[in-house]
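Below you'll find the structure, written out as structure tokens, and then a few comments.
Each chain carries a letter (A, B, C and D) given by its place in the written order, and its residues are counted from 1.
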Amino acid sequence: MSEPVDVAPKPHVAHEVHHEELGFWRKYVFSTDHKVIGIQYSVTGLLFLLFGFCLMMLMRWQLAYPGVPLPLIGSLLGEARMPGGTMLPEFYNELGAMHGTIMVFLGVVPLAVGGFGNFVVPLQIGAPDMAFPKLNMLSYWSLFLGGITMLGSFFVPGGAAQSGWTSYTPLSVIAGTGQTWWLIGMIFLITSSLLGALNFITTIIQLRAKGLTFMRFPFFVWAQFVTAFLLLLAFPPLEAAGVMQLMDRVAGTNFFLPSGLVVSGQALTNVGGGNPLLWQHLFWFLAHPEVYVLILPGMGIVAEIIANNTRKPLWGYRSMVYSLIFVGFMSFIVWAHHMFMTGMGTTMAAFFQTTTMIISIPSVVILTALIISLWGGSIRFNTPMLFAVAFLPMFGIGGLTGLPLGLNIADIPLHDTYYVIAHFHYVVAPGTIFALMAGIYYWYPKATGRKMNETLGKIHFVGSLVCMNAIFMPMFIIGLAGVSRRLFDAGAAYAFAQPTMHWNVVSSWGAWTLAIFQIPFIFNFFWSIRKGEKVGDNPWQATTIEWSAPSPPPHGNFVHAPQAYRGPYEYSVPGAGKDFVPQYEA
Amino acid sequence: MDIPYTVEVRRDTGLTNGKIGIWLFLASEVMLFGALFASYILIRVGAPSWPRGDTILDVWLATFNTIVLISSSVTMVMAWASLMRHRFETFRIYMGATILFGLVFLIVKYFEYSHHIHLGEVPSTNNFLAIYYTLTGLHMLHVFGGMMVNAYFWGPGAKLWKTNPQWFTNRVEHSGLFWHFVDLVWIFLFPTLYLL
Amino acid sequence: MRGTRNRLWLAGGLVAVLGWPSVAVAAATVTGTVTFAGKPPALKPLAMDAEIVCHKKHGSKPAPNEALVLGNGNTMAHIMVWVSKGLPAGKTWPAPKDPVVLDQDGCVYKPHVMGIMVGQTYRILNSDGILHNIHTLPKINTAFNRGQPATVKEMTTTFPKPEAIFQVKCDVHPWMSAYISVFTHPFFSVTSTDGKFTISGLDAGSYEITAWHEKLGTQTASVTVTGNETKAQDFKFAVPAK
Amino acid sequence: MTSDHAVDIDKHVRVYIIVFVALMVLTIITVAISRLHLSVPIAVAVALFVAIIKGSLVAGYFMHLVSEKKLIYAVLVLTAVFFAALLALPVFTVSDGYWIHE
């Protein structure tokens, strides 16, 4: 993954010549500069998103045309996976598990937190770099190792992990070698996130520019701040759980293996006494905050872009910040709403569905504030803004369809159906990923000194918006018809699933078309590095501090240490000379 | 280009980056061991019967180890104190002692492990031993890590004292915080595993 | 796996060449009949109403229980008979080129009991056109556990190590069961309903012959053969008295 | 503690010695109590009580928590809350499962 080299360096050279001289490797590969690391994270993240997307497109073929040999590609994947092009259930399970793992832990998180966090946060708070640059490099390379391990697991005998991205026990304990690799990979990824998180928190607290009080933070910084705390405190339990599952698999312990477990007619000889639910608790103790790790940075990006392109201050900035903090806090005590089906009693079910309903309120506050922020603005519909605005309804659909799942009674029929898939994909795919796309278009000029092409951007946007809905809207229908997720044939074997089969075809074609609409983006991304329209330091007439740095910023970011004189969103201030008053201008 | 507040404190927080960093790290460590303790409780509560630690494990070795680890904590803090008093040589002695105590702890633990393994008491034997090996094993890794860091400050890292004593003192304090945390974890491990 | 297989072929080839004369002259045969002593118990047939396709396949009368299948005169099928002792040490035999075939037809494994040589191809067919899941439960070899969707008509595998009889199950249809044993030599035979087995191509010498039934256990007998004679050795199984 | 002066360092050192002795004594006590073979709930309560005292001594004096900045306290309080949740909720949830009462 030396791609970062193609993206970052060129512009940098100019600035760093008359700076300290570093060799190629120190400057672009093992760099401690938060901007280079940020770009490394972003490109890694984007590549893994693409890879996870490819896994999903393979699955979509099997779901649309169960058992039909896949032309061309199918035969390339080998007898053990797709004999004669027909997908074996085991391979489908591999794809399912790895699609989830890769999209969440190697795609969105590295891009949203590692990428945007690293590149933007220090700039937005007027810091010369992250608080611990070496640690920063370490956490990237730890992620990199984790990614390699995950990819490698596809080639071990028996293939990659097949127990779903949640790796529920005891199934995952008795599963094949791939699961062990999955666990080792996860431990690398977790370490990476922990180091990154404590670095972000320290940076934000300590390296704020003079005058940049917490309530003068851009919303994006707040989002990253809360996210970092979620990562810092929610990830360790999963690390512990990972170690325990590793012990179960390697050292033959029984943390997650109950007594008297029978596998295909044969009783296991282990002593048992473990608790399979323990894994689910520890897993969801991370994985629910993780949901907010996926969405909060997205919200942050959207807030920045909306304020900038409506040329208005954010409506209810403070209430948004407090909601954010509240969401972060609550997200630690709602996790068992993923476990209503595990036979918990009514008392705890009531407790967790209450906390779940409570946590939905601040999310709605944030979304509402963002929507009201549009009101009466003179909106500039450039590509970043289009993605940002599209985020609102998409995330809205995802969020609202989540409420029934938070209620014990409604969750029981819907649990583990395609309805759930549709729900969280609306949050993450057209939600978070649109926000991230917006962010890429928005901060690209800061990273390269050039804008991405608008026309290509708009094509990318319209195509993606249509396709995303074509993919996920049908899943609500399929799910409400009661079809379970994780069926390797989309339920073709069941009579009751027959009426929904054609919706899978729609969904699949949506997915493949979506792939086509990413081509303009990929082209645009690389083409604009050299050919994009040259722009100044502040192409969007934005107010936040990162735009006071040269584009691209040199090593050390700012020519003079910046200072914050006012809040982040002073747009269209009555009586001001121009329609925006930057934070950094006295 | 150097990062502000690595050596001097930031006025409004009154802290250096390193101080905040290490405490955040310890916070995550609390959650790590917390999860393992939670698992221990859950499995023990669910178990029909659970052996008293001292019926399987050697309390005297563990008591000895507890004393060793506590002593190492004291020498660690003394090492830092002697830096505060600008007595570099006493620092060397105390830091050396800390590392040696750590080594003693590991050696004793090694004999404990090998003894159990000879008796055929391995992690897969029962869940008590499973949690015992997992918790103490993870703790041992922490001890080892702490020793490595301390050894660095005792040896090559000590050069910093010449150029930037303040920074060096801070770094020793931070590695000390980690070392005390490892001690603290053991203070809870000892009764839960050996005495209950 | 493929590696060992090739090496076996090579070894086999060499032996075939070097040991040609001996193979040519020594063609002693042990044959016999396995019968069931006493009144055969009435076993209840396989209930496969759960799988409508297979249920239909068996028509009006349900699929018979496979544990005890008798011919007229109570001759027993599904008996594995093999040379368990006395084979010359260090001698190796080539695995035959043609595979051992396991068919899944009417949610029943055909054959129910089979022997295979190390490295010999194991060919798994799906004549039902529904989802099956072949799960071998060996102790020494690595388990083969793979789903076979309706459209996948054939899968193959091999067993790299010799192993005593172990079970083959279907994780979709719990009643489906077969038994397989992996040998280093070709001196084994499985009886059909006529209860007859034949082990031929033996060198002169004395051997221990073992007969196995999935419920009634094993029996052994020792036979001594010279030149290319044919020895008879019958076995009788009975339900142990309670 | 960059704010310290050599003077109150001497005071610190004295405190360290006292704490050290206290920890040793408590270690002996907790082992001694365990020889009494009290009933499990009481034993647990006592052992944890002693452990908490020892822990707070280490955290308070060796780790200087007695005189630390607000920010650190804030982080630790937050951690403590989630730690409690992590410890308690799984146990509640599992013991609330209805298969328990069968």
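We take it that a contact is a pair of C-beta atoms (placed from the backbone, for glycine too) under 8 Å apart; a residue touches a chain by one contact, two chains touch by 3 or more.
None of these values were measured; they are calculated from a predicted model.
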item	value
Pair joined by the larger number of C-beta contacts - A-D, A-B	A-B
Interchain centroid distance [CA atoms averaged], chain C/chain D, Å	65
Distance from the mean Cα position of chain B to that of chain A, given in whole angstrom	35
Cα-centroid distance, chain B relative to chain C, in whole angstrom	60
Residues of chain A whose C-beta touches two or more other chains	205, 233-234, 237, 275, 278, 281-282, 285
Multi-partner residues of chain D (each touching 2 or more other chains)	71, 78-79, 82, 86, 90, 94
Every chain pair meeting the contact rule	A-B, A-C, A-D, B-D
Of all residues in chain D, those that touch chain B in their complex	1-4, 6, 9, 12-13, 16-17, 19-20, 23-24, 27, 30-31, 34, 40, 43-44, 47-48, 50-51, 54-55, 58-59, 62-63, 69, 71-72, 75-76, 78-79, 82-83, 86-87, 90-91, 94-95
Contacting residues of chain B [partner chain D, same complex]	8-9, 13-16, 19-20, 23-24, 27, 30-31, 34-35, 37-38, 41-42, 45-46, 54, 59, 63, 66-67, 70-71, 73-74, 76-78, 81, 84-86, 166, 169-170, 173, 176-177, 180-181, 183-184, 187-188, 190-192, 194-196
Contact footprint of chain C on chain A as seen in their complex	66-69, 83-84, 86-90, 264-266, 488-489, 493
Complex interface listing, chain C residues touching chain A	130-131, 133, 135, 137, 145-152, 154-155, 167, 169, 171, 174
Residues of chain D that touch chain A when the two form their complex	71, 78-79, 82, 85-86, 89-90, 92-94, 96-99
